[in-house]
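Everything on this sheet refers to the single structure shown next.
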């Protein structure tokens, strides 16, 4: 099966070839959580998770809020 | 009529010869007010106002509470 | 006689047509004094005063040291 | 030989019966040094060392100057 | 001096001699525009103890003239008579006795024996003398004094029920001039220590409480604020906040910074 | 800077950009023992605005791990994402955009671009650069900066909605190191000015408010107190007391004393 | 920052770029009554470096008008031209080039780019820009700046030969407002650090030196003293005393007392 | 207190009772490594008056043991015996009488009656008592006391020749804790006022002199510096600089800046 090699929060990771951001979040069990996603330094709106396809070389950042001053 | 010459709060004053502290306070319209009385540097308790007679030369101090820090 | 119209320290001034910076300084009685000269925002070295000709429209700044903190 | 029992700077000490303060100081090798002497809480002037006799029970203090602030 | 933090449900009470209070802010009643302003400011301050001065009544005055104690009824407030104006032990003792008679035997007094000097600083020798007599005479003495820790200790030894060092001259509003001495006094005394005089604004009252003082007594800072009633509320909160901060135990001071937000998992970094 | 004192019945509100608040105490959420302590302390503080940091989620972590925002729901608190950890304008802008997405379009952010230096002081050049980009990008920027009044003015000119000079290094608890500069900033800016960082105890928060600051932002002073929840209450009261004292208008300072009790009608004196 | 104490016979010299000096007090030449007073005060101060401003000559003025540099001959003093009055990097650079020409190629300059603001604080962004150009152009730059340690570090990185943070606003005489920041700057920079501006009296100059500063630059504190020449002597001694105290290494501070005189061998005691 | 500035050629002398001195720095002789270091430090300090303690000689000690006064000969220095270690008026008087005998009738003494307390603060009641006896007994008394202005005035009234309030606890090196009180003392006393105890570094000695003190007495700040001899020089210069600054009359403080360089005739401006 074909896969795409991507980086998530700086760590290498691979996903099926036609996976979307939504698929990735599901895989990471982050679906529905308070997070934000950046793909190659551009924000991915929540509304676009399903239609945003991943491609090899993509750099993703997934963030959440933590305690800070 | 015979009188006694006394000093009240540093001011000269005269009263009938057999006047009591109670009489003086009545005269000064201070009866029943929150005051304290000293006769020749001794406290006169409220309960003794009536029986404490005045004599010439007596020095009385009549005090009340005022604003202070 | 032909003249050149220049500005010295922000004030209008005219000099004979082929006057040099040295001529100007002589005219202003500043020759030999501790000063520095800027012509159109470029420094004029002391050694070039004689050969630097003035032209109409030239902006000169002549400065000296004064008390300062 | 008869002696007198005295206290010098809080320590018991005995001297021959007719000893003077001067004798005591000589015994203590303090003669000629910068000191002051108190006998029973009275100052003994330097000029009286020789004629001041010691008696049993005498309390002597011998002091000098030391570093202090 | 070890801090015993009251439990969440427990009140943090304050005891002077035989009396116990909730509020740690004590206020004077001088310098107000009128008795109504006095009343409102004191209400806003939450104070339970209010000081008053003892003075000759005006002979021949209007008998219906309002009286301070009508506005501050002794059944609602603890009236603390002071000996302001006394420059000798003798006068101070005499004033306390008059006050006790005036207040029906109430024996809690504020002793102050001021020097005749522009600082209005206490004459500590006369203060010590007066304290001795008053304690023997059964008074519970809260004593205004300098910030000299030795004199404070002597006043406690005599039997004063509270020692009240000045923070700055009366009415100056300069704030605590010598927190070191206040801290020295607190290190050793076991009776309550209150800063009396010198506070000018809210933060300074909080500072006194954070040092560990049991309370603060003030007058001018409230009465001469542009809006005394609002300042009275400010002072109430300041004393409470300073007390809470003292009890809560402040963070340690650090010579250098320390980040509040974690410094790992930053966006866009290669994991180290 | 003239003080407009709100009427007794009027609330003393605080507005940043398009948002209005009652509380002038803003708190961070770092350094607490756990989320429950965070929640309790913030509740006790009365804060309406709480700062959070934006960080990478831990990939592969337990999906049921509790989340800070479950404890501090955005419908109850105004969540103010910060850019802590960013040392360049570019990183700070990127973090703000992620935060806006995370918080469903919420555009109020705390900009901080720290130098890589033990003081954790801001790099003011990068901060100015980031502020420009963020304001153009529609953010309402509350900006952490040094106490340099010139930089503060430049940040206001760029369009920042609040300027937040440091009182002392983040996490140091040293208190306001330069009240003069804070006062200079207040004299001229019209947007709200908040002291951000440096407060260590309650009185220091009151001092900032008495200078005329619109608010105080803190984290460590509460989180690292021995009893953070009690200290949160202390800070709430301190900010309120400092604000009230500022509005009430403090008494004038006097170089010499001024008696609180009248000096006439003293007992035992011949009338002068 | 470790202190190397010069040996008793060694001089404690002070080096800026390629120049070495004995005196650590630098003085301005503004605000004096006349040139003669300037000369006498500077002589009394022992300063070797004196700052001057660069201004347009008055065209048409009396050609025999005395000149400052006749009173302070460059062969006796190191003349340090400043860029006072410049509000942009461009103007500052232009002024420095004029100054270099005026002083026959002398390339040591004092860079100051002030904001147009009542504080006369530097505009640090323009200052950084000007410093870059001047260093590239071969100047040895002594730079007046805020007390921001990050900016100070950036100025050193650019190649400035001395960094001169302000103690307080120019001409205010308020003394060091933020010794903490001065200490932070000293902890890290390797070029000389001088406090420039803000000193009002002798002890404040000593404080700057005790922090470890390499020197102090002042003008108003001397020129506007009631007796400028006597104050110049005071400042000379203050800078020397502060430097010596720094080198000598002060006693440790103690929270409690420690007797100076031994506590044994007291008169009249039983030996314990 | 009006300042009389000595003429340029006139010496600025300092008189205590019947004695006149040039140096305003008085030093103690305790805590040094050895007598040689004591001698060198005192020489470097320029002090003319040195304090010594009076203690029992060690009976049976080596008769050739060196003596402090061999290193500090009374014909070169004014030896000021102190009463350190005395806690009662009686002991202090007794010690002074011994000292007078020891020093061949020299009657200038430093009276200190310390409380038995970790602050080493004076017991002011005992101090007042001792001062009375000593003055009657013909001593010229320089008295160590608290910074209480009332007590200071009482000591002057008794006839003390110099009043020496503490700046901070003996040996603490904390610096002047309450300059306000020192200033109050100076406002009123006519005998010399010296700060005795508390100075830790040079600038603090200068501060005391700038307040208007007539001198400073110190011991630990010199003796426990890392390099006592260098610190002695620092202190000498600090006292001189503070004195000169006081006499010279400092510039007025200004809340805002004031340029040192003229703001007209700037390069490149259109004349306004």
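The first chain written gets the first letter, and so on, giving A, B, C, D, E, F, G and H; residue counts start at 1 in each chain.
Heads up, the rule we're going with is that a contact is a pair of C-beta atoms (placed from the backbone, for glycine too) under 8 Å apart; a residue touches a chain by one contact, two chains touch by 3 or more.
This one's a predicted model, so the numbers in the text were calculated from it and none came from an experiment.
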| item | value |
| --- | --- |
| Contact network partition after chain B is left out of the picture | one piece |
| Chains contacting each of chain A and chain G, listed by label | F |
| Which of A-F and A-E has more C-beta pairs touching across its chains | A-F |
| Of all other chains, the one whose Cα centre sits farthest from chain G | B |
| Inter-chain centre distance, chain F versus chain G - centres from mean C-alpha coordinates, in Å | 35 |
| Chain E and chain G, separation of their C-alpha mean positions in angstrom | 46 |
| Distance from chain F to chain C - Cα centre to Cα centre, in angstrom | 57 |
| Chain centre separation in whole Å, for chain G relative to chain B (CA means) | 75 |
| Residue list for chain G, restricted to those that touch at least two other chains | 28, 30-31, 53-56, 82, 84, 94, 98, 119, 121, 170-171, 174, 219-220, 259-262, 265, 267-268 |
| Sites on chain A at which at least two other chains make contact | 9-11, 38, 61, 63, 66-69 |
| Touch relationships between chains, expressed as pairs | A-E, A-F, B-E, B-F, C-G, C-H, D-G, D-H, E-F, E-H, F-G, G-H |
| Chain H-facing residues of chain E, complex | 115, 117, 119, 121-125, 128, 146, 148-151, 153-154, 168, 174, 177-178, 180-181, 184, 188 |
| Parts of chain H lying in touch with chain C, wherever the complex brings them together | 259-262, 265, 267-271 |
| In the complex, chain F residues that touch chain E | 5, 28, 30-31, 53-56, 58, 82, 84-86, 91, 94-95, 98, 118-121, 169-174, 200-204, 206-207, 210, 219-221, 223-228, 230-231, 233-238, 240-245, 247-268 |
| Chain H-touching residues of chain D, taken from the complex the two chains share | 8-11, 13, 28-30, 33-38, 41, 43-46, 61-69 |
| Complex interface listing, chain F residues touching chain A | 28-32, 35, 38, 51-57, 59-60, 63, 67-69, 79, 81-82, 84, 94, 97-103, 170-171, 197, 218-220 |
